[in-house]
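Both complexes below contain chain A, partnered by chain B and then by chain C.
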Partner chain A sequence: MSGAAGSSAVSGALSRERLRAGATIVSASVVPVILAFFVGGLIIAILGRNPFSFYGDMIQRGLLDSNGLQESIIRMAPLLLIAAGLIVAFKAGLWNLGADGQFLLAAAFAAGLAPSLVGSIGVAPTLIAMLVLAAIVGAAWTLVPALLRAKYGVNEIITTLMMSFIGIGLANLLVKGPFQTDVGGVARTDTLQVEDRLPDLFGTRIHSGIIIALAAIIAVHVVMTRTSLGLRLQILGANMPGAVHAGLKPAKLIVVAFLVSGAMIGLAGAVEILGVTGSFRVDFNPAWGLLVIPLVFLARLNALASIGFVALFSVVQIGGETASREADISSDFLLALFGLVLLFMAITEYLRQRRGSTAYLPSQGAAPGPAEPEPDEPDPSGPLAPQEGAR
Partner chain B sequence: MTDVFSDTFLTALIAGGLLAAMPLLFAGLGELVSEQAGVLNVGLEGMMLVGAYAGFVVALETGSTWLGLGAGLVGGLLTAVLMAVLCVRMNLDQIVIGVAIVLIAEGLTSLLHGAQYGESRPNLDNPPTLDLPLLKEIPVLGESLFSQHPIVYIGFIFAFVVHWFLRRTSLGLSIRAAGEQPAALDASGVSVVRIRTFGVLFAGALAGIGGGYLATIGAGTFTPFMTQGAGFIAIVIAMLARGRAPLTIVGALLFGMSLSIATALQLIGVDIPTDYVQMLPFLTVIVVLLLFARRSVLPAALALPYVRGER
Partner chain C sequence: MSENDPETAPNARAGAGSPGAPLVALRGITKSFPGVLANDRVSLDIRAGETHALLGENGAGKSTLISILSGMLSPDDGEIEVEGRSLKISSPADALELGIGTVYQHLTLVPTLTVLENLMMGPAPELRLPFNAAQSRFDELSQLLGVDFSSDVLVRDLVLGQQQQVEIMKALWRDSRVLILDEPTSMLTPQGVAELGEELKRLKVGGLAIVFITHKLHEAIELGDRVSVLRRGVKVGSIEPAELRSGSTEELTEAIVGLIFGEQVNRLEESLELKLEGGEPRAPRRASSEVLLEISGVAADSDRAGGSLSEIDLTVHRGEVVGVAGVDGNGQKELAEVLAGQRGITAGRIKLEDREIDSLAVSERQQLGLRYVTDDRLGEGTVRDLDVALNLVLKRIGQAPFWSGGRINRDEIDAMAERLVEEYDIRTPSVRTRIGTLSGGNVQKVVLARELSFEPRIVVFNKPTYGLDLRTAQFVHEQIRRQSELGVGSLLISTELDELIALSDRIAVMSRGRLMGIVENGPSVQERVGELMVAL
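What follows is the complex of A and B.
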């Protein structure tokens, strides 16, 4: 009897502890958002606009209005896929900052090939083929940074950014060249007819891309938390030399993480084309790559938690566009708002850490380190040195 | 093909290349010092944008290019204070804060520009140039090389000053130590925090001048997002220079020329899509990295916060 009572007391304490941990995570995520919106409100007030009506418009249009809500959910699909891709890379300690290039190049291929393919092989096979192709294109575009990092320890921040700029240029070249439509006007690809796009759900305008995105993010969550591959990637991200000592093969893991990351981001490009735009206009670039970074950090690189932040961001973006128009200010204000969120999140984290809580941000992510140290090149300032430098 | 080397082409290529290279040179030099001190300044793009906006506003109000450049310096410096406090004092993640600074700067400068000048979209007068006597008379090159705003000459000289400063002064030695072995620097009684703060502020000030140049001399106006990734290119230039300041001149000119070659080619009637040309500098970097990957050496403690006594 007493034993049962004891165990229930223990489990009670455990669940209370869990609850408290959960509450900390929520407060640590919500506080920065509130602070950022407060400072953002001050900026709006300084510009002589009413912050309450701005945020009111934002919520009204992005969440409460039926059309706006549908738009917000539609916007979530590509953002979730980008978030899934970034989480895989960041968890492995790899800074894939080239999401825009991977996204646009995959989108260009999907938009360029889908309209002509529909006629020859039918709608469903086309959609599936385009999704697969986009994933391959996105993954392929990470190959150079992945190999350079895996083999020579070349800092992936530079290489992914460079490949991103090249990818954006190449996407535009494709759209102005082989993929360009015969119809005049602005250079763009042929348009995929509305009935040939990703099917809508339950009589709404929301296309099924959101299902793909949710499946992807749940898959990432399961792989990262429940499989040995996920564990190995996390070890890689936590401690690269440690991973070598643990007998892992960092070079292979780096390439795998990059390929998966690129594939997810490529999928995002296809989903946006096949579900929303139907065509790739020249200079199309929503630049979501940088914007999703704050979201995945807010979510502590937890894939499931990122769904909530992506939803919040979509509402802010969709609602914010209308609100900015109403208030007659530039919608680029939303960039600053999310920069502020990121800033306050880092500060909140600092304060929490000083009180002894554990960190969640990937440590030493930027430190370039080779996967396989080469014993024949004893270079004291070489890429393995970062860890020594901290001593 | 002979007209590829015609006067028009060369003048346009060199003048345009210089114009595009200067912001990269200044920002790259700043980033180089910051990286040598062990701080990867991802927020460079944001500091350039703030510098560009501050420079534009002041140059517009006062009519002075010099005051505009000074305002750019101050704008970049103030943005860097944020980075210094958060990343050096509080040891927060340099990349997260860097991205945050870029986003905030992009958003705020665009917002302010829209609110203040969205309707009028004013342009600045052409800045005065300093003609170097005799040199300017050199055929073809003279006009484009030696009839520039004085800040251009200052920029080139400054690259060598920075080199001398890093290699030959005690503060320069401390900066390099802060990037390679911060613990050793700390043990020798020099504050790592102070040295790294200096590095970050130096980078911010120079990025601000670069941005100010872009707005007051380069474009003669401010447009939202006008840096177009120049801050990120400057980071790459600094990394490729591997601590040798004069190499930033080469990098900046290489990128600047490949940005201006499209315009130059169009002037002589060769019409190639600008997309090809705009990809060139990035392709060059990738090729350079592929060829010289093994030799890329970065400061050992780059992007690592220094915590005293931590192993």
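What follows is the complex of A and C.
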């Protein structure tokens, strides 16, 4: 297949290959979403509501309505940062399931320190300091799982979850203790005044956190696809023995991936506090960490693609809240809807794999044995494949 | 059974060695996998009291065929007849029920259980384990096989040959009438192979039908009563018992070689001699006395039994090929990993030229020209989700000119990859093709290209031709010779003695993590290596 004659055929085959790969990715990601909304619609119909008006409301309130659109974009900021953090870890084959703890602990520090700091060092330095601090807190909260995994191979699924519980508890302890406001009522931190929060963009209510989030997700994309660090992390995730064999330093890479992941997720916590809530009420826990996991998998761990899925999810969350209130359905239905997305994602993946392994069978079986008409076929290594298949 | 076939002798099973209706017959078996026809209308007769050797290169479709017979795979087309009745074998349990027992190439025993417990592992209807019945069955079979261990030892304490005997017992456990052995000699010492031959003879006399899969021609001739040859999924011919008994070894070899390789014979003649006859032993020649690699007193731990290294002393000179022989799993992989830097040592030191390298990391040794062609080319050697070009630079990530300032330079990488693809004749649609889609032979070429480029000084080859077709194996051999001519020192680990004899200047023998001795290549090297392999 070498030589000038083959080159145009090769590039043709390559672009066809890419096209098919692209189509597969789109179908594998979009089909589950469509199916989930379809089955979700059936459930709404069974509940005696009109699915069309429900979805109509959802889109109206989450996307078309100016207020809803702004809300959706505001919601995207922390979700994108969490997605960025998760993609770094998952690409490196590390299951950081402790996003909620990292998020809340970072948020608690930002909320607890920002209001008092504004008075002494001014708004901009406070905001910057809080963002940096949140990133450090988020990263620090991954350090124990990272070191345990790097040094002793302890399963990070368990350690990150455990650290998450501790982080959530610690955040609440801080808010009820050192960070608690003197104002009475529910335990919470002091409130950062609206004019001291992350500045809004273009006269809308959208705060500049979305810029930080988009910058982060694009940075993750560039690092993962264009740099040597990205490739190293990818190899670590794809083939750990291969990483050792290739002379990479898995222990170091594990720690780096965890720290970057935690820092991004910590940033998400600060952005939500500094941009939206201004204060940390006790028991605040949006639990976005686990919700973003299916989104990044739908995006096949592609950072740019995850923007689309995060946007979709934000619209569903923001628009769906109003829509479900109007249709008198529990807002938990939205979670069920995303559960369905996950379910169909698993089913399409299964079907795709099964089809992939048998796709050639009908045409090959019908043809009168390709091995016989061309016994002299020059490629000697072809026949190795059946044995691999047999095992 | 005989009603269906008027020509059948009344009692086909009893007539050991006599022709009659086949006990099991495969008729027109066809099985395809994506892109490959693994078996194309293959028919095979398996008779009681006869050893049917199934011969073919790696990838000829032998494993697929026996997987179908043992119920692991179901055929796309064709049928299986047992005693004249057409049947469907849809699971390994079905096959066992029909009396078809299989010993797979890789052991399937549970190392932490005793022999007896392993043997009782099959489908058992009773709630209580039938220890007494099992013990008497064990006694029966151990007498038949000439087993020299008791039923209450842990399987992990047995040597590989003994473990294989347990596997055979397991296959025969439920009164099997057909015993399938998939490449049973691949992990045995020469002595072990001879013992296996004796065992098979005894079993045959008892009326058992044996299917013996091998890619080694002499084994097929020595152990088989009937030989069938598979090539590219097609049964290209067979040799009947009468022919086998009357023909001389040379005639048979020639006939079978013709079948295995078809029209390629002429072009491959040279390599065949090498493979089949052991070839001319490479004359020991140590042109240079310059020591490249010096291993002294090295010890290392292993995660496997028998793999821990101790007191390894070995030197490799410039341009020299030092072979490492031994039964698989006796510390060869650990030795390779220790040299590559993937495994720490607990004692001793390793010197590359004048430099102590035992505290250096994998990448630093790579930089110094110490290269490791791993035997696990799909597992650790390549990253299947990355393309060919990236796999070729896998060990140079972040280095100029392929990366500058941390940023990837795809043009540079692709250009280098195009060059290596050309030089090493790697068959791939493009350098941007995922390596996971290439065949094993081409993956090995990628690994070789990566390790042998950028000025190697010493290369550790770990089973470099394992599982490859003959032509690619030949290519690998040429590469090893070429490196040797360029002055590169090589450590060639292999379980194929023929390969070692054809390529090495000296052959070191490993057993249980120790070097048993080093033999200069030359006359009667085979015997001396064999002696060292079993010495303790």
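A few notes on this one:
Convention: the second predicted complex is superposed on the first by the 333 of 391 C-alpha atoms of A that agree within 3 Å, B and C clash if a C-alpha of one lies under 4 Å from a C-alpha of the other, contacts with A are read in each partner's own complex, and residues count from 1 in each chain.
To be clear about the criterion, a residue touches a chain if its C-beta (ideal position, glycine included) is under 8 Å from a C-beta of that chain, and two chains touch if they have at least 3 such contacts.
This structure is a prediction, so every number in the text was calculated from the model and none was measured.
Of the two partner chains placed around the shared chain by superposition, chain C is the only one that A:His245 touches, whereas chain B remains out of contact. Once chain A of one complex is fitted onto chain A of the other, the partner contacts of A:Arg232 are limited to chain C, with no touch recorded for chain B. In the superposed model, A:Met130 makes contact with neither chain B nor chain C. Contact with neither chain B nor chain C is seen for A:Val255 once the two complexes are overlaid on the shared chain.
Once chain A of one complex is fitted onto chain A of the other, the partner contacts of A:Tyr152 are limited to chain B, with no touch recorded for chain C. In the superposed model, A:Ile206 lies in contact with neither chain B nor chain C.
Using the contact criterion defined above for the overlaid structures, shared-chain residue A:Leu290 touches chain B, although it does not reach chain C. In the superposition on chain A, contact of A:Leu94 is made with neither chain B nor chain C. Touched by chain B in one complex and by chain C in the other are residues 361, 364-365, 377, 379-383, 385-386, 388-391 of chain A.
Only residues 43, 47, 95, 144, 148, 151-152, 154-155, 157-159, 161-163, 165-166, 169-170, 172-173, 176, 290-291, 293-294, 297, 329-330, 332-340, 342-343, 345-347, 349-350, 361, 364-368, 377, 379-383, 385-386, 388-391 of chain A touch chain B when the two sit together in their complex. Taken together, the chain B residues at the contact with chain A in this complex read 40, 42, 86, 90-97, 99-108, 110-111, 113-115, 118, 180-183, 224, 229, 232, 235-236, 239, 273, 275-276, 278-279, 282-283, 285-286, 289-290, 293-294, 296-304, 306-307, 310-311. Residues of chain C touching chain A in their complex: 30-41, 57-61, 63-64, 67, 72-73, 76-77, 231-234, 262-264, 340-342, 361-366, 372, 374, 376, 379-386, 390, 394-395, 397-398, 403, 406-408, 421-422, 427-430, 432-433, 439-442, 467-472.
Residue ranges of chain A in contact with chain C, taken from their complex: 1-2, 10-11, 13-14, 17, 226-229, 231-232, 234-235, 238-239, 241-242, 244-249, 356-361, 364-365, 369-372, 375-377, 379-391.
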